[in-house]
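Below you will find the structure I want to go over with you.
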Amino acid sequence: MSSAQFVQYLISGITSGSVYALVGLGFTIIYAVTKIINFAQGEFVMLGGLLSFTLIHSAGLPAVPALILSIIIAAAIGAVMYLLAIRPAQKASVVSLIIITIGAAIFIRGIVGQELTKSFVRPPSFSGEESISFLGAHIDPQALWIIGTMVMVTIILHLFLTYTMVGKALKACAINPVASSLVGINPRTMALLAFVLASAVGGIGGVVLAPFTPMSYQSGVMLGLKGFVAAAIGGFRSPVAAVFGGLLLGIVESFAVAANWGPFTSAYKDAIALVVLLLILLVRSGKLAEEERAG
Amino acid sequence: MNETVILETKGLTKAFGGLIALDKVDLSLQAGKITAIIGPNGAGKTTLFNLIAGVYPVSSGQIYFQGKMLNKIPAHQRAAMGIVRTFQHVYLFGNMTVLENVMSGRHPRSSYGFLEAALRLPKARREEEASSLNAIKYLNLVGLGTHAEHDALSLPLGQQKLLAIARAMVTEPRLILLDEPGAGLNTLEKRQLSDLIRNIREMGISVILVEHDMPLVMGLAEWVIVLDSGQKIAEGTAAQVQKDPKVIAAYLGEDVE
Amino acid sequence: MLVRLKRYWSYLAIAAVIAFFILIPFDWFLGRYTTLMIFIGIYTIVTVGLCLLMGYTGQVSLGQAAFFGMGAYVSAILSKTYGVNPWGAMIVAAVMTGAFAYIIGYPIFRLKGNYLAMATLGLGLIMWILFKELSQFTGGPDGMSGIPFLAIGGFIFDTSFRRYFLVWAFCLAVLLISQNIIGSRIGRALRAIHGSEAAAESIGINVTQFKVKILVLSAVLASLAGSLLVFNMNFVNPQTFDFMSSVKLVVMAVIGGLASIWGAVFGAGVTRLLSEELLVRFVGWDIVIYGLILVLIMIFMPDGLFVKLKEIFERLRLRYRQRGTEP
Amino acid sequence: MRNYLKYAVVLVLAVALLALGGMSCSSGGGGGATPTPSAAPYKIGAIFALTGFNSTLGDTEPLAAKMLVDQINANGGINGHHLELTIYDNESDTVKAATLADKLIQDGVLAIIGPTSTGDSNAAKVETAKAEVPLVSCASGSNIVEPAGNNTWTFNTPQLDFVAIERIYTYLQEGNITKVALLTDTAGFGKAGLAQLKREDLLTKYGITIVDAETYGTYDVDMQNQLNNIGKTDAQAVICWGTNPGPAIIARDMKTLKMNIPLICSHGIAFRDFIDIAGTAANGVVFPAGKLPVVDELPATDPQKDFLEKFRADFDSQYGSGRANTFAGHAYDAISMVVQALENMPEGLSTAEARAFIRDYIENDIKDFVGTGGVFNMSPQNHNGLPRTPKEAMILVKIDNMKWTWLQD
C-alpha cells in the first residue's frame, strides 16, 4: 500500500480511535472511583450530539453556546442519574449495578427517541466541509476537531487529577476509598463528581462527533460498547490507558479493513477488535487477579 | 524417628518481589503434638501457613508431609492428604446454614459426581447420609449441635471460630493449622477453645497454631517455634523459649517500635 | 395431628399449581397465553443455568446468549440444511456447546469479577457477529426459516398446545435436576466457592475445575433452550442473541433472585409478561417504562423481586400466626 | 419412602383436579368459530419497529396506517363496520415479532400488516401461516414472499430488493459501467441486498463485474477505510446498500476522499433525512424508488399522480411537511389492500372464514391497484404484485442541489 494510503488508513483509525477514547475516558473515570461499569456511558455521547443539533436547529441558538449548553445538560443528566439511580442502590451487587446502568441507558434512550427525534441528525461541521490534504491523504476538518478535542480533554483531565486539590482527592478515592474517607474525603461526593466528569466528557465527545457521524437516539449503544472495549483494553486504569486503548482499537479496526484478506475484512473488524480485547485480558489476567486480591 | 515426624521443611524460602518473607526455615514437627508458631508482626508466620496450605508456591526449599514432598501439590489436594487450615478472618460460607458449612468440609471424603447428584442416585443418598452424620458429630464436638439449622453468620464470633474448626475437622485431617484461633474471644471462650484444641490432640491429630495470645500459647503448646523477620530464631518448650534472650530481644524490639 | 394436616395442605397447594400449569393451554382457560408460556418456559431453562453460574457460584456471565445462540444455530443448521433428526441435532448442539464452554472455561476463569464480566461480554458479541456474518451457514441477519418441528414417531409437535407440554416437561426436568444439584455436595462446593474461594480450596474443593464444570452445565442448558426455541419458532436469526438479549437473560435471573432455582420461572415469567403483555399498549413508551422498572427493582430489591415477595409473604404469615396465638 | 408417598399424593390430587377441569375442556388453535355479528368492528393488527435499530424505518409506518383508519372511521367505517387497528412495537426484536403476531391472532384480528424488517417479517410469517391469518409485510426482502407457493398467507408491498437492483443494473448497462464496488450494511437490509447484488444471473445478464465487496456496521463512526479499499480498485461506480446513516456517511466520505465515481444507493434512502445529514455531498447520488419522491414531475397522465399528491398532502398536513416517505407508503399500501378486501367481504363470516376471504381477495382481486409503491397486480405466483420488469417497476431518482429529481433514462 502506498504511503498516502497508509496515512489515510492511519488517520481514519486515529479518528475513530479518538471517539472510542472519549467514551472510554468516561468509563474509566467512573470505574476508578466507584468500581461501577457504567453501561449508560454511550448515551451521554448520544445526548451531546442530539442536544447540540436540537439547540441549534429547533431552539435556534448560535453554535458555540448551543454546544456548551448541551455539554452542561449532559453533565447534569449524569449527576441526576447518579443521585437517583446509583446512590440509592448502596447494597446492590456488581451485577445489580450493571443492570441499573443498563436500565438507565434504556430509559434515557427511550425518552430521547420519544421526545426529540427518531431520525438521524447531523449538526453543521465546525469549520466547513472542504477536506484538507495532508501527505497525499484527504482529511475531513471535523476529524481534526475530534482528534484535537480528545487530546485536549485528556491533557486537562490529567492536569486536573494531578495538580488540583479536588483532582487529587478523586485520585486518592480511586486508589483507596477507606483511607481517603479517613482523611475526610467523602467518597459519595467523589462518586458524584466522577459521574459529572464522565458524562461531561461523553457530552463533549457527542458534540464533536455528531457533525462527522450523524447520530440517532440509538447511537449510544454501539459507541458505548466500543468505548467499553477501549477502556477494557486500557484496563480501566488511568485516562491515558483508556486513550491508548481507544486509539489501539481504532487503528486495529482500520487496518483490519485495510488488510482485506482472510478474516481480516470490513465484515469482521469488530470481531477482531474484540479478540484483541480478550487476548489482552487473558495476558493480563495474572496481574488482574493480584489487583482483585489487593482491592 | 522419621515416621513420628508429621511435617518437615528444608530451607523453606518465600520472596514477594524483592521482599523476603521467609528465609531458609528448617522445621521438623513431631506427630500428635500441639506446636505453636509465635513471633512479632511481619515475622512470616502467616506466610509459613500459606506455604504449608499451598496458597502460593514456595520460592525455594521443600516441604514434606509424612515424608511426601508437598511443593508441587495444589492446595485443594492437600486437604485430601490430611492437611487442613482455618483462617484468621474465619471465612465461613455465609450462604449456608451451620450444618451445611460443616457438611461442605466432607467434600474430600465423598466422591459422587454431577450425574449422581442430579438424579439423586443411591450412591449420592448414601454419601449424603454419611456426610450429615459426620457433620453433626463434629458440630457436637465443638458444642454447636443445637445451632445446626441457623445461618452461619448469625452466630457470635466465638462460635463462628468453633464452627470453622468443625468444618476443618470434618475433613478428618492428620494435621490442622489454626490461624489465630484465639483472636477476639473472651476468657470463657478461650478456655473452651483450649479444651477443644486439647481434645483434637487427644484424637491423635497434630496441631499447629499461630497465636498472639501468649498465655493461651504457653498453656497449650508442647513445642514453640519463634520466627522473626522471616527467620527461625528459637524453638523449644514454652519454658525454654520464654528465657531465650533472642526471643525477648525480638519482642522488646517490637515493643520499642 | 395438626402437623399432618398442614402437610396435606401443602400437598394440595403443590397439586393445585401443577394442575394450573397443566390447564393453562386449554382455550377455555388461559389458552391465549400458550405461546407466551412456551417462550417463558424456554427462557426459564436458560435462566436456571445462569442462576447456577451467577447466583450459586458467583461467576458473572454477560455473554450467555452466545451459548443460547450456539444451541439454536447448530440445531437449525443440522436439522434444516443437513436433514439431521431434530432430536439428534439437539443433542449434538448440546455436546458442541458444552465442549465450547469447556475449552473457553479454563482461560476465562483466570479472570474474576468485573474482568470476567468484560470477557464474557466480548465472547457474546463475537459469537453474535459470527451468527450474522457466516451467512452461508446461518442465513445472515435475515435468519433461517423452514426449520422442522420436533416429533416422536408420527406425533409431531406442530401445535402450540403440544409444544407447551414438551417445553414445560423439559423445564420441570431441568428445575428438579438443578434443585438436586444445589442440595448435593456439588451444590455445597459451588456455594462454598461463592462464599470464599480460599476457604473452599482449604477444604479440598478444586475451585477452577468446578467453575468450569458449572459453566459447561449452564452452557448446555442454554443450548437446549436454544434448540427448543428454533424447533418452536421454525425460524432463527442473530438478533435474538445480541448483547441486549444477554442482558435480558441476566435480568431474568436477577429478578428471580439469583440464588433461587424456582425464582428463575418467576424471573423469566415476569420479564416476558412485562414486555409482551403489560407494556405493549404503551406503544413507543414501553422501553422507557421497562428501563425505569429495571432501575427501581434493582434499587429497592437488589435480591430480586421473587425473594422480596417471599419475605413479604413470610412476614404476613408470621403476623397471622401471632394473631392466631393471641387469646 | 415417605417421599414416594408424597409424590403419589400430589399426583393423585393433580389428576383429580385435572379431571374436574377436563370435563369442559376443548382443545384447538385460537380464533373461535362464532360468526362476527354485523356492525361489530373489524379488527386489524399491525407490528412495527418503533424502537430499536429498525425504528428509523418503522417511525412513519404506524402514522400512515392510523391516518387511513381514521379517515375511514370518520366516514362511518366499512359497510357500517368500525375499523379497529391495534399497533404493537416489536422493538426490532425478532422473537417479539413472533409473539406479538401470535398475540394479535389471539386478539382475533382479521389480518396483520408489518413487520418493518425482513428478519422480523420472516419470524412473524411463521406464526401467521400456522394460524392461517393473512400477513402483509412492509419489508422488501424477496424471501418473505418468494416462492409464493410456500408463502400462501404472506404478501408484501415494497419493491422487492432484486427488482431495485435490476433497475440499477439496467442504468449501469446503459451508461456502459461494467466494474462496480459494493459497500453494504451488515444489518438485514444490506445483507439481503448483497445476496441479490451478487446473483450470477443478474451480473451476467447486465455484463457487470464486482471488483470489491465491502461492508460496514450501521453505527460505524466512518466508512473511509472501506472506501480506501475501493479506491485501490478500478471500480467505475460504488453501489451502497443500506439505510440511514450509512449511505449519507459514505457520500460525505467520498467527497472528503475526493472520489469522483458515481455513488448509487438503494431505495432505503428515500427519506428527507438522507439529504439533511449528507448535506451537499448528497448531490449526484442516484437511487431507484417508487414515484413518491418525484410526484411533482409526474405527467398528469400518470395513473399514480393524483393518488400520490393526495397521500403526500394528507400525510404532511397531519404529521408535518416533508415527513411523507416511501416507508409510510409501504404501510399505507399494505393496509389499503386489507381495507379493499374488507369492503368486498360478505357479512356473517366467522373469523376464520373472514381471514381466508381476505387472503383470497388480496391474492386474486388486487388488480390495477394504485398504491404509493406503484400499480399492484397480485396473483398466486406473485405475492408482491408490483411489476417485475425493472423500468416499469421503479424509476431512478437523482439528487440535484439537495432535491429529488426524476432521472429519466
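By written order: A, B, C and D. Residues from 1 in each chain.
We adopt the following convention: a contact is a pair of C-beta atoms (placed from the backbone, for glycine too) under 8 Å apart; a residue touches a chain by one contact, two chains touch by 3 or more.
Source: prediction; values computed, not measured.
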Practice prompt. Identify the chains adjacent to both chain A and chain D in the sense defined at the top.
Written response: C
Fill in: Interface with more contacting C-beta pairs, comparing B-C to A-C
A-C
Discussion item. As a quick test, compute the distance in whole Å between the mean CA positions of chain B and chain C.
Written reply: 41
Discussion item. What's the distance between the Cα centroids of chain C and chain D, rounded to whole Å?
Written reply: 33
Worksheet item: Between chain B and chain D, what's the gap in Å when you average each chain's C-alpha atoms?
Response: 71
Response to the item:
Check: chain A positions touching at least 2 other chains come out as 110, 113, 221, 267, 270
Worksheet entry | Residue numbers of chain C (touch at least two other chains) | 133, 284, 287
Worksheet item: So what shape is it, when you link every pair of chains that touch: line, ring, star, complete or other?
Response: other
Worksheet item: What is the complete set of touching chain pairs?
Response: A-C, A-D, B-C, C-D
Worksheet entry | Contact set on chain C toward chain B in their complex | 56, 177, 180-181, 184-189, 191-192, 194-196, 198-207, 213, 217, 259
Worksheet item: For the complex, which residues does chain A have touching chain D?
Response: 1, 5, 8-9, 12-13, 15-16, 19, 110, 113, 118-122, 129, 131, 138-140, 209, 212-216, 218-219, 221-223, 253-254, 257-258, 260, 265-267, 270
Practice prompt. Using the touch rule from the top, collect the residues of chain C that touch chain D in their complex.
Written response: 8, 11-12, 14-16, 18-19, 22-23, 26-29, 31-32, 35-36, 39, 132-133, 135, 140-143, 145, 158-161, 229, 233-235, 237, 239-240, 272, 275-277, 280, 283-284, 286-287
Worksheet item: Which positions of chain A touch chain C when the two form their complex?
Response: 31, 35, 37, 85, 88-89, 91-100, 102-111, 113-114, 221, 225, 228-229, 232, 236, 267-268, 270-271, 274-275, 277-278, 281-282, 285-286, 288-289, 292
Worksheet, complete the sentence: chain C contacts chain A in the complex at 54, 60, 62, 107-108, 110-115, 117-119, 121-123, 125-126, 129-130, 133, 243, 247, 250-251, 254, 258, 284-285, 287-288, 290-295, 298-299, 302
